[in-house]
Every structure is written in C-alpha cells, then in structure tokens.
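Two complexes come next, and they have one chain in common, chain A, joined by chain B in the first and chain C in the second.
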Partner chain A sequence: MLAYIGRRISALLVILLGSTFLVYVAQGYSGDPSEALRGSTDPHVKAQLASLIRNLNLNVPPPARYFLWLKGVLGVFVGHFNLGLTRDRNPVSTYILAAVPVTIRLILLSTLLAILIGIGFGIISALRQYSRFDYALTFFAFLMYSLPIFWVAVLLKAYLAISFNNFLLNGSIAPAWIIFASFFSGVFWAAVISGTRQKVIAVFGIAAASTAVFLTLLSVTKWFTHPGLGPIMMLALGIGFAFAVTFVSTGLSNKAALRSSLTVVGIGFLLYFPVEYLLKKYANLLTLFIMAIVTITIAIATSYFFAKVDRRAVARTSLITSVIAGLLFIIDKLMKTWVPYINTDAIHQRPIPTIGQINDLLPAGNFWFSFLDSVLHLVLPTIALILISMAGYIRYSRGTMLEVLNQDYIRTARAKGLSERTVIMRHAFRNTLIPITTIVVVDIAGIIGGAIITERVFGWRGMGTLFITAIDTSDLNLLMGVSLIVSTLAVLANLVADLLYSALDPRIRVVGKK
Partner chain B sequence: MKARLKTRSIVAAVSAASVALIGFVAVPAQAAARSTVVVIESNTFTSINNLTPDTNIVINGDVAYLTGMGLFHYDDKLNIVNNPTLGSYRVSKNKTGDFEVTYTIAPGRVWSDGAPITAADLLLFHVLSSAAYNKAAGLGDPNSDTPVFNSGLYGAVYDQHVVGTPTLSADNMSITVKYDAAIPDYALNGLGLTVPVHALEELAAGKKSLGTAAENSAATAKFISDVNSKNTAALKLMGPVFTTGYNATTIDSSTNPLLLVNNGAYMIKSVDSNAITMVASPTYNSGPALSGINTVVIKQGIADGSPSAQAIANGDADVYQGQPTADAVAQLKAIKTATVTTTSSLAFEHIELRVASSGTDTYSGPFAMSGGQKAADLRKAFLLAYPRQDIVDKLLKPVNPGTVVLGSVINLPGNPQYEHTAALNGMAVFNAGTQSSRTAAALKLVQKWYPSAGKTTPVAINLLWGSPGNTRRTSEAALIIAAEAAVGFKVTAPATKGWGGKLTNTGYDAHFFIFDQTANPQDAQACGIFQSTGGSNYTGINDPAIDKACVALQSKTLPSSTVTRLRVQIEQAAAKDAFFLGIFQNPEVTAFNSQLANVVAAPLSPSLFWNFWTWHF
Partner chain C sequence: MTMFSRRSKLSEEVSGSDIFNKETEGLSQGQIVLKRFFRHRGAMVSLIVLFSLVTFVFSTLGFKILGIGYGGWWKYKITDLPALRTAGCSIELPGCPSLSLIPGKGFGLGDHPFGQDDLGRDYFSLVMRGAERSIEVMVVIGLVAAAVGITIGALAGFYRGLIDAILMRINDFIITIPIIVLGGVVSFHFGNKGILFLAFFLGVLSWGGLSRLVRGEFLTLREREFVDAARVAGASNRRIIFKHILPNAIGVIIVSVTLIMSGAILLESALSYLGLGVVAPDVSLGLLISQYQDSFTTRPWLFWYPGLLIIIIALSVNFIGDGLRDAFDPRQRRRISRKDRSAERAIATKK
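What follows is the complex of A and B.
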C-alpha cells in the first residue's frame, strides 16, 4: 500500500514537471506581454518596453526561462517558497489565496447540490426505466448537457434577475402564471409517481390543485411583501420533512425513527422564540456553529431515548431531520431580514443581482445583511452550474443503478423477502455509490480549477477568472501558479479516487509491487 | 399502499412547492435620491500608484484620477482645463537656451491627512522623470537598468530637456523648472502631483500610522534636503516604496493609512477582489466640489458585452464603457432605463507597410524602399485596393453609425483641422472615386510588373495582425484577403497571438492594428510612429522630411497654423511613399443610468470620469 502510494507520488512529480514545462513553453512562445505597449503612441513607450523586458526576463528564451521559474518554486525546500510576481509586481500567491475561497464558495454548493439532485433523479429514473418520467428526464439531461453555460446565464439573468426583480416591485402573481405553474407541477408529479391511468390523473389533479391554491394564497395574503415562515408554518413543514426523511431513511414502519424525528421537530417548535432571540441578539458565525452543535446533540439524545434496537438508523434519521429543521430557522431569519435588506440604498428594490460576489455598498457590520447578500449573489450562478453539471450525474447514476439492479445479490435480497425500500436503499443504492464516489472525488478536485466561463459571465473573481486574466495579459507567473495548483490537485484526486475505490470495494486491492 | 402513496405525494408536493417558493418574496417601496454610483470595468485594480510601467493600466488610472486632483485635466473636446483652486503654472523666463516654468501651489490646500500641499510635492516628479538626476544621485541609470524609482516617466521630453534640479521658493510654495529649450506642451511634459512626499518619507521610515502635523512638516523638509543633497541612502529607501509599496489588491481598515493619503475628491475605503469602493474625502479642497455623489464603486473584472448590458438593465451598475459587439450595443439600446452614447476615442486602426528605409531595418520584401519604383507601385496598389469603406460599412457602422474612413490620423475627425488636413495631406487619393475604380487603378499598377495579375495572385504578402479572440479583426482580415486577391496580392493573414513582438520580424510585409494616443501634444504623438527614431515606428521609415517636421514640432511652442502645416507635411510624406493609411477611429460605447446626470465620454483617458465632480442623480 505505502509502496503503491510512493510510486504514484513519484509519478506525480514527473507528470507535474512535464506538464508545467509544456504549459510554460507553449504560453511563453504564443503570448506576448508587450502587446498592450505596442499599440501605444506614448513617448515613454520605449522606456516602458525596456523595463518590461528586464522585469520579465523576456530576452531569455522560454525553455530556459522555465528553469528560472522552477528555481523560485523549488525554493520551498529551503524555506523561500516563491511562485513569483505577477506583471504588476504583486505576489502570485496573494492572487491565488484570494481566488481560492471565492471559487470554493461559488462551486462547492452547486457541485454538492448537483450531486444530490443528479443522483436522486438518476436513481428514480432507473427505478422507472422506460417510463414517461425516464424519457422526460433523459431529454432534459441531454438538453442541459448540450447548452452552453453563457447562454443559460443570459436566460437566467433575463428571467430570474431582471424580470423577477421587476415582478417584486408589485409582488402579486398573474393568474396566467398560477395556471402555468399548477399545470407544470401536476405534470411533474404525475410523471414522477407514474402508474395506472387513474392514478396518474388523480396525482395530476391533486398536485395541480394544491399548487394553485398555495400560490393564490401566497399572492392574495401578500405573503410576498411580508415574507416569513412563522412558527406554525415551520411546524407544518417540519412535520412534513420528518415523514419524508423517515420514509427514505428507514421506512415509515420504523416507529422509533418516526417518533424520534417528530420529537426533534417538536423540540424545535418549542424553542422557536428563544432561538429567534438568539439569532437576533448574537448574530455571528459562532452562534450558528454552537446552535448546530446543540441541534446535533438534541437529535442524537432523542434517538437514544426512542430507539431500543438499531440505534444508528434512528439517529441518522433524526439527525437529517434536525439539520433540515435548523436550515428552516435560518431561512426564516433570512426572510425576516428581507424587507430591511431590499430597502437599503445599496439594493434599491432589486435584490437578485446578475454580477459580482457581494454588494460593496451594503452597510458593513450587519451579519444577516451580508449573509442574505452572499446567498442572493449565489442564486443565479448556482442554478446555472447545477443545470449544466447535473446531467452527467443523472446519466451516470441511472446507468450504474440499472447495472446493480441486475446483480444476483439484488435478486437474493428480494428472494429473502426484504421490503422494496430496503432492497433499493440498502442493497442497490449503496453499491451504486461506489463508482459514483470516484467521479465525485475528481469533480471536487476540479472545483479549485474554477468554472472559467461561469465566473466570467457572473463577474466572480475566482481561479477561473485568474486563469483567463493570466492568458489575456500573458502573465506567465500567474498562469503557472494557477496551473501548478490545478494540475497538482487533479493528479492527487486521481490517486485518492483509486485508493477510495479499493477501500469501498473489497474486490479491488492496490498492490505495492508486481 | 395506494392511499399512502397519494398522501405522500401531496405532502411531498406541498413541501417541495413551499420550499421552492421560499425565495419568492418582495415589497414595493419608494427609493430616495441616490448618492452612490456603480461603474463597471473589465480589468482589475492592482495599485494605488499608476505611474510605474507595471501598474500603468486603465483602472488604476481611473482610481488615481478620482482620488487625486491635478493642476489640469483634459475635457471632452481635448482642451486643457487648468485647476486654479490647486495651483498654477506659468513661463517665468523665455530666452534662447533658458526656458523656465514656475509652478505655484495655492495656499491652504491640504492632503487628506491635513498636511499642507507644497511645491515640494511637485519636486518628486523630477526624481521620477530625470535619468540624469538618478545617475547623479546613485540610483541607477534608467536607460540601461531598472531604476530605484521605477516610474515609467523617463526618456521623454522632460528628461531630454530639463537642466539641473528644479528650485523651490523660500516658502516652498513655488518651484521653478529650467529647460534648455522652449519645449512645447510644457504643461503636459512638466511637473505634476504624484504621491505626497511626507507620506513617502514616513513610509520609507517604516511608519504605520498617520503622522502629526509636526512630523509631517519635518518629513517634507527631510524630503527636500534628501533630494537636493542627493542623499542616496534615503532615496534608496523611498524608491521601493514608490515602485511596489503602493501595490495592493486588497485594501481595508488594516491597510497602512499613509498609503491612502491623497488630495482627491474621494478616498479609497476598500478594495476586495470584487470592487473598489471610494467615499467622499472630508478634507478635499484641491478642486471643484462634488455635486451629490458621495460613494463611487468600481466593479472590476466584469466581462464586456452581454454581462455588462444585463448588469445595467438590472440596476447592478449605473455606468459602463467599452467596445462591445453590435449585438451587445443593440442589447444596451433596448434598456429603457439607460442612455447609450457612441463616441470615438483617440485610438485608430491603421494599415502600415514595411518600407525599411532606415539603415538598420533588414526587411527586403516586395514593399521595401530598396525595391524602387516597383515596390512603390505595389505599395500604392495595396493601399488603393485595401477595402477600407467595406470594413467601416460592414464592421463599424453597426456599432457606431457615425464612423468614417479616416482621411488623416494626425488630426482625427472631431479635430477642427480634420477637413483641412484631409484635403491637403495627399491621402485623398486613396479615398477618391469608388472602391471599384480604386481597385481598377490598383490592378493597372500591379499589371505593370506582373501582367497576369488579376487572374492570378503573383505577389505574396504576409500580413500581421492580432489575437484570434478579436472577432472584428478576424472579419477585417477576411475582407482584406478577398479584396487584395482581386488585384494580384496573395495575402497570408493568420491570426497571430503574440503579434506585438513580431512587429519587428522581417518576415511580415504589412501590419494592421490599433494605435492609442495617451495625450494630445503638439506632434499629436504621430512622431512616435513616423519619425526614424520613433518608439512606435514599425514600418522602418526613415524620411528626412518627416524627421525635420518632427524636430520642429517637438522643439518649441508654435502658432497653430504652423502646427497644422507641419502635421500636414508629415502625412504628405507618408502619402507620397504610400506606406501608411488610417482606417477608422475606435468606437467607444457608453451606457449609463438615465437618471445620472452629466456623464459624458471624452476621447482621452480617464474618458468618462473626466468631469466626475459634476455627476449627480
């Protein structure tokens, strides 16, 4: 095992050396840092050109200049780690350290959501193979996969930002929209649940009617102008989630899990006003962290109290329920922040932004304003990234699930008389995750590389933008800094994926020597 | 089972719908008059000091303009407007070989830390511009080495003509610069405010907080003595502070406040990777008062075109300026709440042919001056057939309907002398008649040497131009290849990344790219292009007539009629040898919130910011 890792790491170093050399030389020959100066008729241009050539060692040919760069990087072994200076004489490391958190903020959430939604849809789609839902999802997945993200971004900005902000000025939903949304909701749920014609019609009717009633209520009661969940709404949602989570996690027949989850929701309901007070009085990340710990403790204690056997399953169920309940508290708080937030001079009634990471005009020091602001800036890029990257996960998990469902052990599980839920969730789903895990690891490593186009169109300044800027301005040191980090992570992620695979699948072993 | 499934689906549908709707909330309200402006820019802020060769980029210049007030500025008509509130300058002696300009700072002007602005602050400019001073003070030779103060101001008119070190008056409020000739444009070429010298001294001494009034005046006094006594050790401490000390990609409350001391209407409050935020400076008294905008935010790194247009439409930004495609212009014009103007900047696209008449240029292709009459005919034919009208009609008019084919590059359209210059400079021959008549004339010239031309393409031409990402140039290249093929030129013109370094490569016969003016001096910066020693001379032209006119334009202030005559002479020489043609002026599209008053684009940097103090909602 150790020998294997050692061998892989030495191979990694060789790969890095080769790839950085190729990138350096290719960009060194194709790019010209003096380009902007060539078009200037300024009388100082000659002196500035000379200064540029001196600073960047442009009179040294790129293959030789590579070793000057390498010397700076290898300085890490003598304590002088130096990725060099950018063209504007700022350290490359400051740019990268500023860009990495931005990129992680942008892409981590969307990748996680895309994985969750994608795998979920993929598995439902596999279970309903060749149904209308399956076909619809396949169509949708390929459609999204083939759309260029800059175009999706333009559409999202036009409808979810510009038009939606216009809609918010008034806040009531037009009847046509209610009808459309109800119809869509009916079709969606009918397709997901599927079954006999009678059942499909019933599901369609119920889903469409409930959506219509719900939207009309929201529109009429002016919920849009005074948003908020309130304790009653949160209790209702909490109970709904408790049932849903229990069903997926253990099955509703596990009474202990259901009771435990419902109790967690009940405790949350009783704590509504104290928690609200705490969130207002001590608005900071520490409070949120402490509350998260308390929530987890309550969930585990409750499950311990209710479960006599199979404690892990019950604890897992209550834990997921409690996390959702906790999120409801935060959402409720953000909704209460909404009205003062959009009335600030910085927002002037247009809360959904099309560009940027944060609004610099917001008054500083208001935790919930900044929180809501970050969330709203994430809305559009996150949706765009989810739409684009979900397709891969849908198709991949569908395929894997179908393969797993044909395995002998699934037939054995069914023959044992296990419930369908147990067969799917415990036997099929877990085995489906093994190959998916490996692509997820590589995808997460890719996160640091940034989403070049997404960052560009949404005006985020992460690694992707840094990469583009480096190429545009022929800033070799900056480019090398970015590509060194991205390629190191890519190679490492492949190693981790391989090791993880062998850990998850007992049939696969890594070998130290032949 | 069935019944349960239904219940579940309802629960699921309702909860999903409500979760989905959580974000959908709003309230209508009335906005008060705004005092904030958000401007979009495409590049990124890198330094408070934009005077080094490494930090001399548009966004740094814009921030410097908003946070620092100078002795004059350009208006939108290219006039120099003086700023008597801050100070004045005048010619104090004008004899042969002794030309002196005296600058006087108005009393009571202060930096943002309360320290008075004095003429000592202008003295720093000498250290930043005079190679002779740097050599004498042991700071390195800017001509051959990276100087301690790496300012990017060396090697120009000031450096060439200044004599000795400027002298301060007894009260330190005036400073006199002595030149060996009556240089033209002495305002442009002369002293200017850069960074406060007391702050520079304090930064060099390692201070981390603002000095007291006594410390500040001691620092200013120390600076004066350091400069006058050429105190190498002290200057070597200040140099790196000036060169890289002002670099900053983030600024917040922990930034050394000495770096932020300025005399502008705004102070930098914060810089993050997203934006630069500037707020009105309470102590500002160096220029006209603000009209109601107290906060300016520059959102940086926003891509041109559609993202910018949608940001304006959504109210994320109030002002945008760029060079978008025709589609993006249409998108901007469709925004009801925005005003869109299209103007021309002082930058022009041109075609230039290699003539290599200077002894050092080894180019020997079909256009080389050494080719005699044949080369002259080929050059003329190439320019006659060049599809300038087509380029303007097809590629430029959709963006700026007012674009014209340039008749002169030295007096661009908008200049009162443009018509006059275009009529006299000899360039009219390349615009006479129709394109088909010009093409026919060109064909005759080529057939003189290659009878089969027109049916075949016997003359191979390598044309150099910029990056593949530039769609306009890609289209231009396609039009050129087709038009020149009709008169017998086989033009090879692939997009070339890194074209800038290849301009001196003898493998290319012609180049087209953009020339961007940074100021409007007496020679209109054209001598850099046409003079044999010019910094932007990539044709290899060495014409005594041009050189003579350039020397005249650069040696002293001339009456405007003489200036026009000399400028015309330069272009006449270029037309005679047929090696240079202007094509079009770069369009500049400005879009801004219609409620924001007084946003007017200007042809020179800092473009639309030039009158920022008059902006208001």
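What follows is the complex of A and C.
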C-alpha cells in the first residue's frame, strides 16, 4: 500500500511540474509585464524598467525562468518558500495567504450543502423512479445544469436580496404568497410521500394547511422583523429532529437510539440558559470550539449509557442529533443578534447584501455582529453555488442508486425479510456512497475553478480575483501562485479519490509491489 | 415511514421483459437504439427545438460558406444604429422590445423584437450573432475533443503497455489543469485571433474524460470473442479498431460528446463574461450578458434574452444526451405503462 502511494505521489509530482511549466511558458511568452511601462512618458521610466526587469528576471527567457521560479517553490522543503514577487514588488505568498481563506469560506458551506441536498434528492428520486416527482426533479436538475452562474447571480440579487430587504421593512406576508407557498408545499410533500390516491390527497391537505397556518402565524406575529426561537420552540424542534434522525439512522424500533437522542435534546434544553449566558459573556471562537467538544462528549456518553449492544449505531444517531441541537443554539443566538444588527447605521435595515464578503462599516469588536455579517454575506453566493452544483449530484446519485437497487444482494436482503428501511439505508445507500465519494472529491478541485466566476459576480476578493488581476496585468508570478494552489489541489483530490475508492470498496485492492 | 414503502414490481418485471422482447424482435441494434430514442419525449422535443433554433439563428443574419452566401432575412445588421423606438414604449424607456406572443394587434416580431440597447443597436441581431458564435464554439469544441479523445483513448486501450502508460500520463496532465485557468491565459492573449481559434484550443483541452471512457471501453471490448474471431479471420489492427470495436463503443462516445458540448457553451460564456474569451467588436452570449448586466434594473430585456438563449441551447443538448444515454444502454428497461399492458392483453386474446 505504502509503495503504491509513493509511486502515485511521484507520478503526481511529475504531472504537477508539467502543468505548471505549461502555464508558465504559455503566459511567459504571451504577456509582457513591462508593456505598460514602455509606453509611459515618465522621466524615470528607464530606471523603473530596469528594476522591474531585475526583480522579475525578465531578461531570462520563460522556459529557463521557470526553473528560477521552481527553485523558490522547492524551497518549501528547506524552509525558504518563495513564490517570487508581484509586479509591484510585494511577495506573492502574502496575497495568496490572504485569498485562500476567503475562497475556502465561499465554497465550503455551499459544497457541503449541495452534497447533502443533492444526494438526498437523488436517492428519493431513484426510490420513486418514473414518478411525477422523479420527472420534475430530472427536469429541474437539467435546468440547473444549463444555467450560467453569473446569470443566476444577477437574478438572485434582484429578486432575492432586494425584494427580501424590501419585504423586511414591513415583515408581513401577502395573502397571495401564503396561498402560493401552501399549495407548493402540499404538492411537494404529496410528491415525496407517494401512495394511494387517498393518501396523496391527505398528505397534500395536511402539508398545505400546516404551511398556511405556520406562515400566517409568522406574518401576524411579525416574526421576520423580530426573529427568535426561544427555549420552548427549540425543545419542540429538537424533539422533532431527534425522531427524524433516529428514523433515518437506525429506525424507530431501536428504542435505545431513540431514548439516547431524546436525552441529548433534553440535556440541551436544561442547559439553555447557562449556554446562552456563556455565549454572551465569552463571545469568541474558542468558546464555540469548546462547546462543540462538550456537545460531542455528551452525545457519546449518553449513547454509551443507553446502549448495551450495537453501540456504534446509537452513538451515531445521538451524535447527529447533538450536532443539530448545537446548530439550533447558534441559530437562536444569531436571531437574537438580528434586531440590533439591522438597526446599526452600517446595515440600515437592508440586511441581505448583494456584493462583497464583509461589511467594512460595521462597528468592530462585536463577535456576534461580525459572525452574522459573514453569514449574511454568504447567503447569495451559497444559494447560487448550491443551485449550480447540486444538479450533478442529483443526477449521479440517482443513477448510482438505481444501479445498486438492481443488484442481487438487494434482492437477497429483501428475500430474507429485512425491513425496507434497512434494505435502503444499510444495503443500498452505503454502496451508493462509494462511487459518489470519488465524484465529490474530484469535484471539489473543479469547484475552486468555478469559484473564479462566483467571486467575480459577488465581488469577493479571493483566489478568483487574484487570477483575473494576474491575467489582466500580465503578472506572471501571481498567476503561477494561483495556478500552483489550484493544480496541487486538483492533483491531491485525484489521489485521495483513488485511495478512498480502494479503502471503501473491499473488492478493489491495490496491487503493491512486494 | 412511507418514504421506504415498497412497491411490488416482481410480477411487472416478468411480463415487462416479454413486452420488451416482442418489441425488439427482428430489429438491428441501430434500429432498436433509434426506436428507443424516438420514444424519449424530452429528447425528441429538445431535438426539434434545437434544430429549429439553429436554422432560425443562422438564417437571420445570413452566412457565407465557400463563396456561396445568403444575405439573411433580418433587416438590421449588428453595426446598424437605427433611432430608438418610442411608439409603444414608456417615455423613460425608449427602445423596448416589440416581440409580442399574445394573438391580436401587434402580434409577431415587430421592429425590434428584443429591443435596443442605449445606443440604439438592434438587440435581436446582436443576440442572434451571439447565438451563432456560441453554437459554432460548441460544435468546434465538441468535434475537436471527440477527435482527440477517441484517438488517444482508442490507441491506449487497444495497444496497452507502454503506449497506454504514456498516453494516460498525458491524460492525467490534461485533467489536472483547471481548464478555466489555462483557457483563460490563452484566450486572453489570443482572443484577437478569432473565436474559432479559441474554440479549437479549448477543444484540445477538453478531451480528458472522454479518452478515459473510450480507453475503458476498448480495454473490455478487445478481450471479447468477436475480436478474436476477426483476428483469426486475418483482420488487420486498423480494421479491428474501426470496424469491430469502435462501432460498439459509439454509445459511450456520443453521450460523452453531448455532455462536453453542453459544458462548452457554458465555458465559452463564462470566459467571455470574465473578459477572457470573445472580445468586442465580436459578439457572444456571455459577452452580451457581461456588457449589459448593470442595466438589469433599467432595461431588463438586455439581460434576459441572451441568458434565455444560452439556457435553451444547453438544456436541449443535455436532454438529447440523456435520451441517447437511455437509448444506448442495453440494461435500461423501459417502464411498462398501462397502455402497453392492455396492448399485450389484446395480442394475447387474439391468439
């Protein structure tokens, strides 16, 4: 195995060398960084030109200059990492170090959500093959697949951000919208939960009615202008999630798992006021980190207390429930920050921004203000990225799930009388995840390329912006810095995909030289 | 609970395959594929839409191939600067679209179906020229990627050994370079050499996935008995590749090429949007969106029409690809509808 990894890594290093060389030479011959200076009428132009040529080694032809650049990069092994200077004589690495976290923040959340939602919908659609839901979802996926992201972004800015901000000034939902939303929710749930005609009508009625009641309540109580969950609401939501998670993860017949996850929710409820106090008093990332660890510990301890056998399944269930409960705490806290936040001068009652990654005018030093600010700046780009990248996951997981459902072992599982939930979640779903994993890993590398456009549309200052600046100004070292990071990630993703595949699927064994 | 409810399908499947077999009896492989493709409603609609769209787009402004030219039926060229249309528009917004799909007075294209930009240029002719460019780019990228990908995949899969190792390293190389990075670098500097040059270059970079698929097909197909039989009968390598293996791999190839094409139209528009692809005075759909996105609130038609054309083209290509995939996949079993079942019963009672 080790020999295999070693061989793969050395092959990948060669590929990396080749691809950086190609980009370097292509850019080196096609763009002249001194072009702008040559046309300038500045009296000091000669001295400037000379210093530019000296700094960037422009008197060396590109193929040879590549090795000077490479020498700096290889310095990473001896502690002198050097990506060279930009045109204005700043080290490239400072730009890169500032840009990488921005891009990661942009794509991390949207990628996670797109994977979760995409796989979930894909699998439901496979279980309901050739139903109306399946056809509708297929059409939706193809539509999303054909949308240019910069076009979606403009629509989102106009119809989501600006309209929502206008709506918030008043905060009551128009009756026409309530009727439309209730109808839509009825159709959606009736399509997901299929069955006999009577049952479909019943599901439609219940879903539509409860949505209508819910939205009317939110509208009448002006919830949108004064959002909040409160301890009772959080307990209700927590219990709901505990049941839902247990149902999907182990089945409701597993009493230990149900009791354990309900207890986790109960502990969370008891700790509501202490946690709230802590979040207010010690508002920083360290507190959140410690709380996350405490939450995980509580979940695992509870599951060990309740489960005598099959502890892993119970622990998994309680862990997922506890993570959801923890997120509820953060959402609750953010909602409490909402009213003071939108009343600050910097926000001025228009909370959903259409551009930028952070609001510079916001008073500094308030942890929850800047937290909420980052979250709100993520809303539009995240929705745009999810819409675009979800389509692939829906199509792929649907196809894989259908293939798995045709396998003999699924028939065997059914024949020995397992419940349908066990067949789907334990036998089919897990095997579906194997090929999906590899697609996801390779996709992550591609997403960074796609982030270039997203950053441009939403005015974020990350890797994409650096890339475009570098091309526009013929800044070779800056461009190489960006493409080195992107290519390295792509290469690593390919390696991880191969290794994961052989780790997950025991039928595939790596043949290492002995 | 009902999420996992089981629908018993066992009995359906038995009679279903009977119906299926009856339908394909006595047909060649190609006829079966065609028959299945024609039955895929989404793909058929898309094929008709795409075909009419391409005809419409290319006849609007005219074209010239090898000296034979056609002037086009539209009255404006992209360089014309007619006065802004005021009749029928609000006073603040002259140059609004005159397209009307509601039967009655004013039905039809009108003077400026897609409106005019702030200079007065006819937006319909601009969008049509942009669509022409986008379709050309799509086809060129698809053809170049197919040619390179099939050649490399076939050579690697058929000859294996050293050739395979070298070609697949080149392939890894192509796959790991993010296409938007290298494409951006090249098209920014060579954009003035013409859009077809750019498309050719992007095609040279897009064959990575296709050649892997073709190689995989060749690796399995070359071990099959019919290849052995051909070799025993004295067929040359060239004949085996072109006559025996390639036709059997054509399904995978066509599906993959349609996916490359629908990706190509988005890639071109993204590059042009970033200012790295097609440059003015030439026109492309992505460039139009990028030029006019700020006028979304004042002149929304400048934003809607190019976007809608991109979506229609990409969506129909995707659906055609899906139809082809279904048609070529021998494992795919069609859903047996109630109509088929009653037809089956009718046949049975006649006997």
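Quick note on the criterion: the second predicted complex is superposed on the first by the 469 of 514 C-alpha atoms of A that agree within 3 Å, B and C clash if a C-alpha of one lies under 4 Å from a C-alpha of the other, contacts with A are read in each partner's own complex, and residues count from 1 in each chain.
The rule we apply is simple: a contact is a pair of C-beta atoms (placed from the backbone, for glycine too) under 8 Å apart; a residue touches a chain by one contact, two chains touch by 3 or more.
The model shown is predicted, which means the values in this text are computed figures rather than measured ones.
Participant: Please indicate which partner A:Thr246 is in contact with in the superposed arrangement: first for chain B, second for chain C, both, or neither.
Facilitator: After superposition on chain A, A:Thr246 lies in contact with neither partner.
Participant: So, A:Thr103: does it touch chain B (first), chain C (second), both, or neither?
Facilitator: Neither partner.
Participant: Pick one for A:Val339: touches chain B only (first), chain C only (second), both, or neither.
Facilitator: Touch status of A:Val339: first partner only.
Participant: Just checking: does A:Ser318 make contact with chain B only, chain C only, both, or neither of them? Give me first, second, both or neither.
Facilitator: neither
Participant: First (chain B), second (chain C), both or neither: which does A:Ile15 touch?
Facilitator: The second partner, chain C, only.
Participant: Could you say whether A:Val379 touches chain B, chain C, both of them, or neither, answering first, second, both or neither?
Facilitator: first
Participant: Go through the superposed model and pick first if A:Ile124 touches only chain B, second if only chain C, both, or neither.
Facilitator: Second partner only, chain C.
Participant: Which partner, once the models are overlaid, touches more of chain A's residues, chain C or chain B?
Facilitator: Of chain B and chain C, the partner in contact with more residues of chain A is B.
Participant: Could you look at A:Ala158 and tell me whether it touches chain B, chain C, both or neither (first, second, both, neither)?
Facilitator: Both chain B and chain C are touched by A:Ala158.
Participant: Touch test for A:Ser303: chain B only (first), chain C only (second), both, or neither?
Facilitator: A:Ser303 sits against neither chain B nor chain C.
Participant: What is the shared patch of chain A, the residues that chain B and chain C both contact?
Facilitator: Residues common to the chain A contacts of chain C and of chain B are 30-31, 150, 154, 158, 193, 199, 247, 456, listed in rising order.
Participant: Over in the complex, which chain C residues touch chain A? Could you list them?
Facilitator: Interface residues on chain C, with respect to chain A: 1-6, 42, 169, 172-173, 175-182, 184-186, 188-190, 262, 266, 269-270, 273-276, 286, 289-290, 293, 296-297, 303, 307, 310-311, 314-315, 318-319, 322, 331, 335.
Participant: Can you list the residues on chain A that touch chain B in the complex?
Facilitator: By the definition above, chain A touches chain B via 29-32, 34-52, 54-55, 86-90, 94-95, 98-99, 102, 150, 153-154, 157-158, 161-162, 165, 167-171, 185, 189, 193, 199, 202-203, 206-207, 210-211, 214-215, 218, 223-227, 229, 233, 237, 240-241, 243-244, 247, 252, 331, 335, 338-339, 342-343, 345-346, 348-358, 360-361, 379, 456-459, 461, 465, 469, 474.
Participant: Once bound in the complex, which stretches of chain B touch chain A?
Facilitator: 2, 4-6, 8-15, 17-19, 21-29, 31-32, 34-36, 38, 40, 44, 46-47, 52-57, 142-143, 145-146, 150, 152-157, 243-244, 247-250, 270, 272-275, 277, 295, 297, 299-303, 306-307, 310-311, 313-317, 347, 466, 497-503, 513-519, 521, 525-526, 528-529, 535-536, 538
Participant: Please output the residues of chain A touching chain C within their complex, sorted ascending.
Facilitator: Answer in residue numbers: 11-12, 14-16, 18-19, 22-23, 26-27, 30-31, 124, 127, 129-130, 138-139, 142-143, 145-151, 154, 158, 192-195, 199, 247, 406, 414, 419-421, 423-424, 445-446, 448-450, 452-453, 456, 467-468, 471-472, 479, 482-483, 486-487, 490-491, 494.
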